[in-house]
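Across the two complexes that follow, chain A remains constant while its partner is chain B and subsequently chain C.
Now for the complex of A and B:
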């Protein structure tokens, strides 16, 4: 599996009037061709900022990309001009937004919205684009008779299918799904996810699945990255992160899921809140909430340690078991 | 009593049938038309406006067909023996009476429709175009461009509108083209404001970002995503300002700065008639009525349109 997208030390800050929001503070991530990478984190951890950063949709101002590289097929997306990044969007990398209710244009028929993307990127005639759009609709399970209808005539799950059809219309190599099922109810969630993974595997599309639902990650992803306060704190295969997790935060996250086997009265939760991204603590961002915090954690930020089994953790507790040690 | 119940039943049946039909394939446009039809006043206003348009077109056709012979004889041609003749039903020519030169007021009112309508619509058309582009740019890009455009618009807004028109006409001379310029420029700022506000509310909605994520360019985003969604407020503002324009033309003509006599413009007719008002009521009432009816219709139509375009008013 070749590398499709490589993010190196990405730092994105939002410079507001009342302080600098440290949204992303040095993110390193790699997405391989055809794989699904789950990106997990609390609200405000920087998941959406990362997604928008890859798409070149960081609102500027107030957003500012301080440093880093996003390499897509050896091209740095951050240095492309408007024209070039537009070629990438939708054609090579496309995105599904959180809320299907608001991510469709209310005054354009859904069919035209699918056809529009195809027209933008492939130099084909209107009729061909329309035919292809109808094919896409059938593929996501909506009769192409509904081509001339508007978004308000569809239910939430069907809207999300349309959004997926738009995202996949040009056969992108990478699909960024920003909480694609959060706004849907659970039965529809399963359908939509099942359809997405089916389409993804038939078209060999890589996917960055952003979510805070660990169940979705366990079922759909190959690798997982846990994001906390703008940094990846643990990265590995699903099995590694779920079974051999080492970071106290990951432990806390997984401890908060109800178990099917054990009978537990109360779920364990992580004390406290995520630090305010305007003034992050010195040292490890998780240290104020961490049960294992040492003197050192409060003044020194831990690096990402690569473990023997290939997964990486950002915690001093793992210093001695890491490969380098 | 019995007939009543039957009619209500058929009515409910009809609406139910309509709902079934509409349920699947109703577009926003059809939805809007359905809601507009419910507002009876607005439908009447639309009929009046269509009639005005019809009158303007047919008088134009008469002019072309008779090579202006009819126009020369009946509209501007004088008939002094019959001056200030009271309205009578004896002939069409005397329906609204005669003016101080013996010209038929009825014909002159009909022929005057085109000036009001033509100037009103073309003025607002240009203002919508210019104000729309400026407002869309200001609203979409924001920042410094927004500041520059809107401050210029603010300066224009600060000049009293009639005074501005008078200044332009006084500087450039009275002609229809100058009148158009004088009417158009003061309209641009208010149009730009409306469009800017509409664009700014639509701009941050998620589907705009989704469109951008699909690779759409700024131009496409503005033309296909933002403007169609902001259209309702623009259309309403435009309709209402046509009414203001008709009043403005009448006012300028009344001040002898607009359309020059003997052209049969309604405001100009009022001016020349004002000194004969005591002897002949009809020569001011009918042109005045024409102005009132058309302005009122446009206002009611604009209101109806606003209600019809508001999706929250779904009933």
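Now for the complex of A and C:
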């Protein structure tokens, strides 16, 4: 599997009137062709900032890309001009947004919205684009008779199918799905996820699946990256992260999933809250909440330690067991 | 959809009847005696009484109202107390002049206001945006007659480029004489359209579907017009529609400053002459035009926004 997307030390800040929001503070990630990478984190960890950053949709101002590289097939997306990045968007990398209720244009027919992306990238006639858009609708399980209808005539799950049809219409190599099922109810969630993984495997599309639902990760992903306060704190295969997790935060995250077997009164949770991204603590961002925090955790930020088989962790506890030690 | 249009047109009838009644009632409260206006100082008590009887002014107010409406349906608004001419003819003589002025003013306002609002919103908080906001604020705050007078001072008196007043008879002269009053009238409208466009664009810019559109890789101009502007249009149309309604009623002050022979000047002249039926006729025509402008706006909504259209067809 070749490398499709490589993010190196990406730092994105938002410069607001009342301080600088440190949204991403040096993210390193690699996505291989055809694989599904799960990106897990709490609200405010920087998941959406990362997704929009890859798409070149960081609102500027107030957003500012301080440093880093996003290499897509060895081209740095951050140095492309408007024209070049537009050719990447929709054609090579496309995105599904969180809320299907608001991510479709309310005054344009859904069919035209699918056809628009096809017309933009494929040099084909309007009729052919329409035909292709109709095929896409059928593929996501919506009758093409509904081509001339508007978003308000569809239910939430149907709208998300349309959004998926838009995203996949030009056969992108990478699909970024930003919490694609958060706004849907559970039965629809399952249907949509099942459809997404079916489509991505038939088309060999790689996917960056952003979520805070660990169940979805376990079922759909090959690799997982845990994001905390704008940094990847643990990365590995689903098995490594779920079974051999090393970071105390990952442990807390997995520990907070309610068990079906044990009978407990209260849900376990991680003490404290995510640090305010305007004033991040010195040292490890998790240290104020960490039960294992040592003195150095409060003043020194841990590097990413490489463990066995590509598993990596950003915690001093792993310093001695890492491969480099 | 057609049933909705029909319903809206039918609804105009009670609205207009009520407007006429209110105006009729208010006019009857003014201490103007029509007979005195017509006969002036020559009237004897007998001739005054006879004239009142002829005009039907001795009848109860409600009967006068019914008679007026009945004549109105025949297109007859009575004759002017002063000139003795048919009022409906007078009004329809002057109406095109007002329409020329109103339409060109709105056109100018739209052509300047919408682009200015769009650019302003897309470049929020930049020097351009601040300038536009400031100029629009001044445009909305400055009274029309002052703008008009300043325009006359600069372009007619100082520079001598444009005529100070009156409407040109031939097309080139007409256009030349139109420039100053049209820009004067449009100042206010333009400021309002600019501010409304800016604020409704700003609302749309933050929407998720704009990110969706951008993530498709379409050109920024397509994002701006197809995705942003078409969603921002409803409040802009509302402002334009209301302004057209107001301006068709005659820009009373501007028409007087520029001696523009429109309905606004006619109404002011009629008021000074205590010409009651002429004033009444003007008010009726103005309210009809205003209601029609509003109706058009309501119907336009359906074409702009499919969500509204689907409500109508229920």
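The definition used in the following text is that the second predicted complex is superposed on the first by the 324 of 325 C-alpha atoms of A that agree within 3 Å, B and C clash if a C-alpha of one lies under 4 Å from a C-alpha of the other, contacts with A are read in each partner's own complex, and residues count from 1 in each chain.
The working rule: a contact is a pair of C-beta atoms (placed from the backbone, for glycine too) under 8 Å apart; a residue touches a chain by one contact, two chains touch by 3 or more.
Because the structure is a prediction, the values reported are computed rather than measured.
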Room on chain A for both chain B and chain C (clash or fit): clash
Chain B versus chain C as contact partner of A:126, first or second or both or neither: neither
Touching partner for A:296 - first (chain B), second (chain C), both, neither: neither
Partner chain(s) touched by A:239 [first = chain B, second = chain C, both, neither]: neither
Chain B versus chain C as contact partner of A:106, first or second or both or neither: both
Contacts of A:117 with chain B and chain C, given as first, second, both or neither: both
Touched partner set for A:95, first chain B, second chain C, both or neither: both
Overlap of chain C and chain B interfaces on chain A (superposed complexes): 55, 57, 82, 86-91, 94-95, 97-99, 102-108, 116-117, 120-121, 150, 153, 163, 166-167
For the chain C and chain A complex, residues of the former touching the latter: 207-209, 211-220, 226-227, 230-231, 304-307, 310
Residue numbers on chain A that touch chain C, as the complex places them: 52, 55, 57, 82, 86-91, 94-95, 97-99, 102-108, 113, 116-117, 120-121, 150, 152-153, 163, 166-167
Touching residues on chain B, where the partner in the complex is chain A: 24-28, 205-207, 209-217, 220, 224-225, 228-229, 231
Complex contacts: residues of chain A adjacent to chain B: 55, 57, 82, 86-91, 94-95, 97-99, 102-109, 116-117, 120-121, 148-150, 153, 163, 166-167
